[in-house]
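Chain lettering (A, B, C, D and E) follows the sequence in which the chains are written, and residue indices restart at 1 in each chain.
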Amino acid sequence: MKALPSLAKALAWLAAVYAAMFAFDSSGLANPYWLQVFELACITAISALGLNVIYGFTGLFSLGHAAFYGIGAYTAALTLKSLGVESQPAFLCALLAGAAAAALVALLVGVSTIRLTSDYLGIATLGFGIIMKVVFDNADSFIPRLGGARGMTGIAKMTTLPWAFVLLGGSLLVIRNLVHSSYGRALVSIREDEIAAGAMGIDTFRYKTAGFVIGCAFAGLAGGLYAHLYAFLHPSNFDFFKSVDVLVIVVLGGLGNMSGTLVASFGWVFLLETLRVVLPPEYVEFRWVLIPILLVVTMLARPRGLLGIGEFRFLRGGAGR
Amino acid sequence: MLIIDNVNVYYGKLHALKGISLRVGEGEIVSLIGANGAGKTTVLRAVSGILAPRSGKILFKGKDISGLPPHKVARQGIAHVPEGRGVFANMTVRENLDMGACTRRPGREVDESLDRVFSRFPRMAERAAQLAGTLSGGEQQMLAIGRAMMANPSMMLLDEPSMGLSPLLVEEIFHMITEVNRAGATILLVEQNASMAFSISRRAYVLETGSIVIKGDTDDLRNDPGVQSAYLGDL
Amino acid sequence: MILEARGLTKNFGGIKALNGVDLYLRRGELAGLIGPNGSGKTTVFNVITGIYRPDRGTVNMDANRIAGLAPHRISRLGIARTFQNIRLFRNLSVMDNVRAAYHPSVPYGPVSAVCRTNRYLDGEKAIGENVTELLSFFSLQDRRLEHAKNLSYGDQRRLEIARALASGPKILLLDEPAAGMNHSEVEKLMGFILEARKRFSLTILLIEHQMRLVMGICERLVVMDFGEVIAEGTPAEIRKDPRVIEAYLGHRPAGDTSEVRD
Amino acid sequence: RAQTANEIRIGLITPLTGDVKTFGESVKNAFEMAVDEANRAGGVAGMKIAFVVVDDRNDPTEASNAANLLINRHKVHAIVGSVTSKATIPVSDLAQGSKIPAITPSATNPKVTVADGKRKDFMFRACFIDPFQGRVMSRFARETLRKEKAAVLFDASNDYSKGIAEFFGNDFKDLGGKVVAYESYGKDDVDFSPLLTKIKASGADVLFLPDYYNKVGLIAKQAREKGIKATLIGPDGWDSPDLVKIAGDAVEGGYFSNHYSPEDTRPEVAGWVKKYREKFGQTPDALGTLAYDATNLLLDAIRKAGGNDPLKIREALAAIKGFKGVTGEFTIDGNGDAVKSAVILRIVDGRQKFVKVVDP
Amino acid sequence: MDYFLQQVINGLQIGFVYALIALGYTMVYGVVGLINFAHGDVFMVGAFIGLYAIGKYHLPLFAVFLLATIGCAVLAVVMERVAYRPLRQAPRIASLITAIGVSLFLEYFTALNQVFGPNFYSFPRPFAVSSWGPGDISLTNIQAIIFLVTLSCLGALQFIVRRTRVGRAMRAVSFDPVTAGLVGVDVNRVISITFGLGAALAGVGGVLYGIAYPQVNTFMGVMPGLKAFTAAVLGGIGSIPGAVLGALIMGQSETLASAYLSSTYRDGIAFVILIGVLLLRPTGILGAAKTEKV
């Protein structure tokens, strides 16, 4: 009976964190601006963790992550709108619907393209991202509520700090537990050497697809949170360049390093915003000149990721050590 | 000809060569043997400039070449036949050979080198237009040596030329090495197959975990009980 | 007869890598596959393990037709292998290399893993114990946390065999296990292969160019040339076969390491 | 930034980086001019105006963060911005939620002020909305120019372009015309030849190009090179001195709707153009002019509110009637949108010539 | 029929423009294995050099091309030095990320008022447009120039790579940089030359693009860059004729999708075709099918 305590412990932690966050959130101590930025960082981290499962752990080069983020966002927003109730359980349903939709589409895309290797897979997913952007741009012609290029409005603001934080914690927990299990090792072995993995009895096609689907599901989940944080969806939020942003985060954090992804996500989002705050007014336009310079310099200094291969303690280790 | 003096090489934190010194005289064939991971390949890589030693000197014909980039070392007249052959798989045999002469001005002398390679390895002449990647292992090894000959080097570094080759080819390769040597190239030979290596070289060094532990004439080494049991087997 | 291949043919573009190869393995034997470079030995392994699909021919294992199945299916039927160019999971620890190979028989489901149920914990423990046992047998226990890429060449070869055994095979295919090893290392490897066969009740087929190993431990040899089997028999018979001498061994008696200096 | 109680803080959200930086900059220039003028005249309602400019890179997420920053960190009393609809909608939501009045100079999507049937009563705008311009130009094409067959070429990923295109197309049909080609391109396209070849084959006699001048210039040029003779018409996005520079003769004879005519002799217009030229060395474009008006509208409301109370400013904004700006007389309607007449201009000899006024 | 032929010519024009950019991508990828995301921005710089050379200094056309080629080549060589070379030993993805960084930097830096500025600048035409052709079909002199220049660049590149010593060295480096060093190839120099050559093509492309679509802006390189890169992959990345073929297919599929299907869904359709081709030929049309020898 060791499992129960372990699971209970994790849940208790999450509950405690939720309570703390809830108290903090409602205390009014936090500046709503930094709160929103923090929530965005959590959401970005969830999505980036998803890409880390895909690219960092399974080794599949995906340049279309934002499309799945978008699918999750639009699905969740549409679900909650259709449910017509703005309650917490309905929100959870909407988020799950977003994740499920992203996973389902990922399954279809994965089954057909996952055979491609490295850069060719990257291009196929990039292509898929562009196709999805065209679909989002014209979504109003089949579902008017989605708004198409004019954007989807009237989305309830449901995402709160506890939601974002607890779902990030939950995602970390799920991914950590998965990675430190035989299933995770199967994914990683495919990344390391697909032929050898196959020769050892691992169904590479199935696991690659699974890794892709799981990662995209997290993107979908994050998308749902995003939709209900910003209450407005526009196709330009889900274009190729947003996919590149997530890729940058994952690589900066270090492939296959969850702590790094976490640090890089928060670093990226906060860097963008902090520059907005600290740059003197006449240098506002230098914000996007500095960011790429910082990016290049960081990459040159830490080519294998911010944290190398180190993980935070709570993300380390499986049961078998 | 080649003097390696107290050279230290690191891979990150790993101290791969711990103050190695060895020398190869003009016209000699010298073997370097040792267990897996002893650092044999590392020695050759340090000489040819792929790795820069952290300290120590490498002198070639009296000139300090330590720390020079590989292409400059190559231009000094050192040709390195790397571990695993390293032929350019998507180029033809002929192009591979031309690559060997890329430090030289095209002209009569290069043509002569080519003739020499072709006459020594008639198989290469037959296969001149074949892509190197489709050659058999032994043929690739021939090509790698032929390519090194194209530079008309005064010194050749060979890294485990017999690895993965059939017994017949191993014999051929060793024969080839002696011929190359006779044609004027000094040779530093790294081998696992110590008995074969000893059979063509007069002097040898034994490397263990980054240090030279034994050196001497092959005739003496052959009778050294330690060397015998570890590298030669009971004859 | 645990494995039987008939009429295997495989072309790569214009190259006939295999040209009607017949091959069998008796249960529990240790057989050797030799032949000149490029004669198709590795290709035979690749076809048996499903990495290539043969153009023609069948492979039967215990009466299952396996030619054309995906590699993981064949592996699950009980064939494991090592590779000529070592293919370890280079950035994984020694232990994880072996643990990954236990995956096909993982005793818990993904949901258990995510929730860390008892099944998961017990399963991990069981896998851990198996791995420990296997690694101690291969004397790799001390290096279990090292990344595979940091092992010495010989250790890497051994780890690859350990990993192959982790999938619980009946048949083990070894592709040049002694390549790049020196005399004493080959010697150790030979003892080790024999012991592994006993301990894990294996049938072994190995490819090797080092005659000392081949002649020393193989009970039966198959010789290939130009994608065809040209001879078969005991080491003693093969050593004398003129075609094999012509194509492969050369005129020095096999295993002889005396001078070639003229 | 010293925060004295006795000042009015206004935030400007505008794209100062990214691919529409050029629009963002004219808006910023105009905004700063308006504020400077007010401060030099002793402030508004007895208070100095402090302002903060934040960049949104024309990205909805960034725009939302920017608005949040202005409201919650800089504690602004009112916001001007943003420039495009996709960046302004998130701003409108935040302004509404925090009860801070905001006015956009140029976001034309109806959803900026009214979404899903709900009026966001803290959000205002100083420009036309898409349906209005679409209707103005369709009526002009049908009734004044007497065109039968219209072709529409628009940017499907740009809400401004797409919105106007739709309204134009529908109205043109309602007025008895035929839309013989209705084609779209992407944001970064520069080669329109397949579409123009198609349009040429359709025999259209009028080609409606709802987009900004830079795109229009390129399209017009290629259309003429393809031998399309149809009359070119478009919305206010055409208004920029650069249009003729890019397109040359290609837009000669084209018509577009605008907020004002630079030929207008009203002192507001002449003064504005002169001031702007003196300061920045170029003629102001439509976006800059609208930003100037939007800022002045806001300042006027503050003046009327008599202080920096956001609620009162909102009241005053909603009550604006007959405000005389550079781009005409503004009256804010129940939706917070500016009601004002449009003018139709024609490009003759590379200059904008006034044709007629169209009232809403 | 006229309509169809005209659309094909339209498609050829944009296809050849993509081809010029795609060649640069493929060169660099072929030799160093790097997707040089900043290539589209080098192309932009080429166009701006053209803008200044023609608009401000009224140089003759050949001088404009020369200046753009040299300018871009120098820029690319510096880029390689600063942002890619230090990462030669690092995982490939690291240099991809610095390439993204360099790309963003070039876009946003040049958009500053102190540099090129953020506006859309009209590109002066150095000559008048004329067109020939029977009936409704027309072929303009600009198109003709684009076709010719692209084809000659293709020929020149093929010649350099296949027939010259530098080209052989490039191929050697692409296969195995370490061994190439051992036989005496100055690997760094060869890589610099590769970047320079690729960028020179982008420079030519930038000027031609400016002439054909007479408007430049610092973000103009993004989309063509992305499309060209996709085209290079479609043709089989690393293959020089493949890049041109891929680009032509890309141009045709975009054009014909607009012409006969739906302009709204054009990009979607073009990329569906791309994915379809990749599923049939997983390494692009002319890409060498790399079955790894096990």
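One rule holds for everything that comes next: a residue touches a chain if its C-beta (ideal position, glycine included) is under 8 Å from a C-beta of that chain, and two chains touch if they have at least 3 such contacts.
Owing to the predicted nature of the structure, the values given are computational and were not obtained by experimental measurement.
Steps from subunit C to subunit E, minimised over paths through touching chains, total 1. Both subunit D and subunit E are touched by A.
Touch-path distance (fewest steps) from subunit A to subunit C is 1.
Centroid distances from subunit C, each centroid being the mean of CA atoms, peak for D.
Of all chains, D has its CA centroid at the greatest distance from the CA centroid of subunit B. Centre-to-centre separation between subunit C and subunit D, using Cα means, comes to 73 Å.
With centres defined as mean CA coordinates, subunit D is found 74 Å away from subunit B. With centres set at the average Cα position, the gap from subunit B to subunit E is 42 Å.
Distance between subunit B and subunit C, defined via averaged C-alpha coordinates, is recorded as 30 Å.
Residue positions of subunit E touching 2 or more other chains, listed in rising order: 108, 111, 264, 266-267, 294. The set of subunit D residues touching two or more other chains comprises 17-18, 21, 156. With touch defined as above, residues shared between interfaces to two or more other chains in subunit C number as follows: 51, 83-84, 87. Each chain pair that touches appears in this list: A-C, A-D, A-E, B-C, B-E, C-E, D-E. Subunit E contributes residues 3, 6-7, 10-11, 13-14, 17, 108, 111, 113, 117-120, 122, 129, 131, 136, 138, 140, 209, 212-215, 217, 219-220, 222-224, 254-256, 258-259, 263-264, 266-267 to its touches with subunit D in the complex. Listed in rising order, the residues of subunit C touching subunit B in the complex are 15, 34-38, 84, 152-154, 176, 179-185, 187, 209, 211-212, 247-250, 252, 254, 257-261. Those residues of subunit A that touch subunit C in the shared complex are 1-4, 6-7, 10, 174, 177-178, 181-186, 188-189, 192-193, 195-205, 318-320.
Residues 48-50, 69-71, 74-75, 79-80, 82, 86-91, 95, 98-100, 102-103, 147-148, 151 of subunit B touch subunit E in their complex. For subunit C in complex with subunit E, the touching residues are 42, 46, 51, 83-85, 87.
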